[in-house]
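Same chain, two partners: chain A is paired with chain B first, then with chain C.
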Partner chain A sequence: MGTEQRVAEVIEASSAEFVAQCYKLDQAPPLGSLVKTKDELRKIYGVVYNVETHSLEPGRRVVARGEGMETEDEIFRANPQLAKLLCTDFQALVVGHRQGDGLHHYLPPKPASIHSFVYTCQLEEVKAFTQSLDFLGLLVDARLPIPVDEVIAACLRCAGQAYPDSESFLIKAGKEMARLLSSDARRLNSVLKRLR
Partner chain B sequence: MSLDLAQVVAQIEEMATSLKAREGERRAKLDFALDTLQSPAAELNQLRQKIETSKTTWLVAGLRERIDLCQPALPCPEDIIILASDGSHIDVDRHHAAHCFLINIGIAQLQYGQNPDAWLSSSPSLYFKDDEVVISSPDGRREVIEGQLLGIKRSIEECRLLAERASRLETSLPVVALLDGSLILWSLTGQTYQDFVVHELLVDGFLKYLDKLREMSRSRQLAVASYISFPRSTDVVNALRLAICPHQPVDCDHYCPGKFEGRECDAVAGLLDRDLFARLLAPGERSAIFSSRSSVVGKYYGVHEVNFFYIKLDGEVGRVEIPLWVAEDKKLFELVHSAILDQCWRGLGYPVALSEAHEKAVVTGADREQFWSLVERTLAEDRIWLESSAKQQSKRTRWI
Partner chain C sequence: MSEQNFDEQTRLGSIISGSLTRGVEVKLDASISVEDMAVGRYVAIEGERRRFFGMITDVSLEAIDPRAMVTPPDVSDPFIAQVVSGTTIYGKLRVLPMLTIGGDAMSILEGPQPAKTVPTHFSEVKLASQRDVELVFGAEDDKRFYIGTPLDMETKVCLDISEFVTRSNGVFGKSGTGKTFLTRLLLVGMLQKQAAVSLVFDMHSEYGWEGRSEKGYKVKGLKQLFPSKVAVFALDEESSRWRKVSTDFVVKIGYDEIEPEDIDLLQQTLNLTEASTQAVYQLAREFGDRRWLEVVLNLTEDESKQLIPKLNIHDSTYRNLRRGLENLRRFPFLVPHAPDNPVKRILEYLDRGINVILEFGRFDDFAAYILVANLLSRRIYAQYREKAEKAMGGDVAPSHPLVISIEEAHRFLNPELANRTIFGRIAREMRKYNVTLLVIDQRPSGIDDEVMSQLGTKITCLLDDERDIDSVLTGVAGKSELKSVLSKLETKQQALIFGHSVPMPVVIKTREYGSAESYKELGFLEAAELKRKTEKEIEDLWAP
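Showing the complex of A and B:
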């Protein structure tokens, strides 16, 4: 999350999330990291909640090829077509947007555009976005195919790296989580444990 | 229910019993064929002369090497480029009023060694103009391209794009350019196509692109071959028929007119070349190189005369066809042998480059439907009203 890098392209989008295909195999941004897409009017921010690597063609299954090989790298050297037949996708939950000078921690009026580029965010941008923790409400209420508390904890750990004093940031975030999950001590505990 | 499989079960069981009963007979024929292969009757010069003076009703392989030769492969060069091309098409549909067809060519370029890389592409082309959908002679005769002729047209496009891709390679690495299926455009022989059709497709088409590939092979190590999986050819078994035949010179019409069984040579009838080489060759070995004595090859192919050998893989025997200029260059045909073996090893039994080219080329049933609906929608948007047949409409809307 150090410098801004163009890593993927939006291939599916809805108001609440988008799916992006990475330009390089296995080069998805980390789980929980903040990414963004841009168009003329706004930047849309998302938190990576799932990464998948799979065959580009639905009918073709990947088969094991490395039985007689020393390293995994050797498999790709011996089968150079693999890198063209596989792809890494990630899904991101939309957590806010910037329009003009305003930074908003709620859903944008329109979803990300198909084929818009997806960038990782620089530490300064992460810091600016997480000055307010209002976006955590979107994460807490999200219905995801993977455990949402894992995503929340990963997101806060990633964001913590943008602060010189990450401990203070995590304490502030922990308090916000305590407020959001005041009626669910078990979930709160589960998230807090994962912040270490 | 359209097909009642329950009714077919008993027939399948009957077929299995019949195949089992014939297995013993087939094995005895194969033993005899292998004995003959290694007998004095199959001695190279003697059999070659017998073949050259024969008049037969079947296609007999020409001999370049000892008929029972088994040759192991050299190691495949580590740094090598394999180019492969394959195609699919959507034929003219007479139930649609728009007269057009589509050819989709897939190309795979796989580079191995120090700088492994892959390039996969698919190039669809729609043919609809008058001069694209018919072949015309200067005196006004016309042949519409559809059905079998479109299959030939597709083979030519496969070869054209293979040559075009090869010409763009800026490399000093050895290159093997592969086509799927036979180098012999068999469909042109079976039908009585007029000369101008054969000329356009073969002389000005397929052979012209083979010429280009040959031209490139003068300045770099480039070999061309085609690969046939599970071949059904009998050219070599037919050469054995000649070895068995007691008549000299062999003349089927003279000595055995109207006879199709009970002849001496029928001792190997029903065997395929692949049966023979499955027993003769060890895994990885190639057979002798044979030449095709097909009439279309003799009449038109010249320096591209089709030669072939069989190769034993782990799961099957494949047939590899090469033009004469590859067959006469030891370095090139050895390269083809080792590269195809290596490709089959990487591709779990089938050359991986051909398999990837096929994946890029394939047109599924769903693609066909989408294609025709796209054609209709686009024409309708442009307010071009074209009627389609009632049969077509009925297929689309199934009702009870």
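Showing the complex of A and C:
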């Protein structure tokens, strides 16, 4: 996640989240990492909360093919069409946007445009975005098909890598979580345990 | 979170609630450990328009959601411990705002004013800085005497001695907490700032020449430090000789000086009945105010028998009285006729601005102490009063203010006696005649309420009896808060000062007394040094 890379394209978008299809099979950005889309007006930031690899055609299930083979790579070499039939998607929760000079940790006025490119963020940009931890509020309240606390913890661990002193970043973020989850000690404990 | 070194810039937290009467609540920042806080410490609060000064009166542990404490966070994990501190759980201070300083030039000139409101929500709270303390208590100067330092600070807390002596004052604290050491400092302060001249009834002979610390080393008394400003009077010549005290005068009191009122006060100590105390007045009428005691002590059995029916008193009353009075014979300082007049001698010294300390030597019992202190004070007071009245008429210059120090003050000023002793009167009259008291006591609850309420400044070391604490704090704003401060003082060398001569209550670590360094700071010159200084002055005189 060190440098900015174009990795996917938006194929579904709503105000609060977007789905992007990766250009390379199995090459999705890590769970919890910060990604962005750009258009002339603004950049929209999202946190990857779910990654899926599946067959391109809804009706066709993937079948096992490796029984007689030595390695997994051999399966693809023997069936070159596979890479065209499968794809990796990921879903990202919108956590903020940049418009001109202003960085905002709330939802943009419009969702990401369909087919807009999705980039990973450079460490510098992650650092700039996580100076304020207000976006954690969006994550905490999100209703996701997967355990949201896993996503929050993954997000903070990823962001921590952008800081030379990741420990103190995590403490700061932990304290923000403690404030947000002040009435739910059990949930707070489980997030905190996942930050290490 | 290890012990921290706080400097004055250290932010402690911010105001979250409170009121002027109960004090404000401060949520401590996560980086500040409650264990580093202490009641009695000073803090400064940056309000929107003014700066507030207050004192920490309580420290507590809080949880955002008390229910969450049923399943406490796993603080054995240092990461989790750090995260929850200050968020899920946090420390809280209660601070009593006492003074304010406005931001504009006018209010800076006016100096600190009593707080009439509280700082706004989330005002920043810091430890008070050295400068703050100086602003509030003033720097050492020709009126202000350095008495100690605030808790955990190096700054000097100064007492305005010229204000101090305008009212009667009290030094309290249970036994062994530092009353005597503190009083020595106060006496030095009064002497140095020339605000008043002192007369000390030194029951345990520890102020005049030499005292002892509990650790066994000797500490210099006032006479050793300021030989030309202090006279030691002795009641017990022999003890003074043994102790190698350079005594200025030996006090002898004639029987003819003892008046019925004096016996009245000794009723308890001499085990007299009410009736026999009354009989004294009859005897005085019969034989004369000046002769009665000598006559009665010398009555033979036969003479007594004749006297009893004549006075119309009970035989047992007379026996009880006689037994009580016989007790007085064991005091060698009581003589039928005194060769000199101690009252006159004391006044001579006081008039010259020399402090007089009367050491009781071996006669450190209450009978001697109450008798002598009262008798001498009554007469000295009468003289001051006469002079003050004349001064009002413009005939003579008013006399220098006099401060009379008495130990075990509740013996004189308990509710029964306060109206009858001269001390009760001095305490109530304030300084009408230029005389005030410094009362030193370990049982302030034994002192009459009215007298306590008249004391201008109270300096109190640790007290642990509820009644004593109540009596000392009666009538003070923020009483219940100060109570928790007072009962948490160290057992030695710490005191809470409040009242007339300090702008706000303050807890101090009492200035050190007793080391060579401390004497030097108080202006004492060793003999060799004194000699050098004199020689130098003489040399300078002759220098071309």
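By our rule, the second predicted complex is superposed on the first by the 196 of 196 C-alpha atoms of A that agree within 3 Å, B and C clash if a C-alpha of one lies under 4 Å from a C-alpha of the other, contacts with A are read in each partner's own complex, and residues count from 1 in each chain.
The working rule: a contact is a pair of C-beta atoms (placed from the backbone, for glycine too) under 8 Å apart; a residue touches a chain by one contact, two chains touch by 3 or more.
Computed from a predicted structure; not experimentally measured.
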Superposition on chain A - do chain B and chain C clash or fit: fit
Contacts of A:Leu195 with chain B and chain C, given as first, second, both or neither: second
Angular separation of chain B and chain C about chain A, which is computed from CA centres of the superposed model and rounded to the nearest 10 °: 170
Which superposed partner A:Asn79 touches (first chain B, second chain C, both, neither): first
Partner chain(s) touched by A:Glu57 [first = chain B, second = chain C, both, neither]: first
Which superposed partner A:Leu136 touches (first chain B, second chain C, both, neither): neither
First (chain B), second (chain C), both or neither touched by A:Cys87: neither
Touch count on chain A, higher of chain B and chain C: C
Chain B versus chain C as contact partner of A:Ala153, first or second or both or neither: neither
First, second, both or neither for A:Ile171, with chain B first and chain C second: second
Three-chain overlay, closest Cα atoms of chain B and chain C, distance in Å: 50
Complex interface listing, chain C residues touching chain A: 30, 64-65, 67-68, 71, 73-74, 77, 79-80, 82-84, 86-88
Chain A-facing residues of chain B, complex: 108, 110-112, 116-120, 346, 348, 352, 356, 359
Sites on chain A touched by chain B in the complex: 57, 60, 63, 76-85
Interface residues, chain A side, partner chain C - complex: 167, 170-171, 174-175, 177-179, 182-186, 188-189, 192-193, 195-196
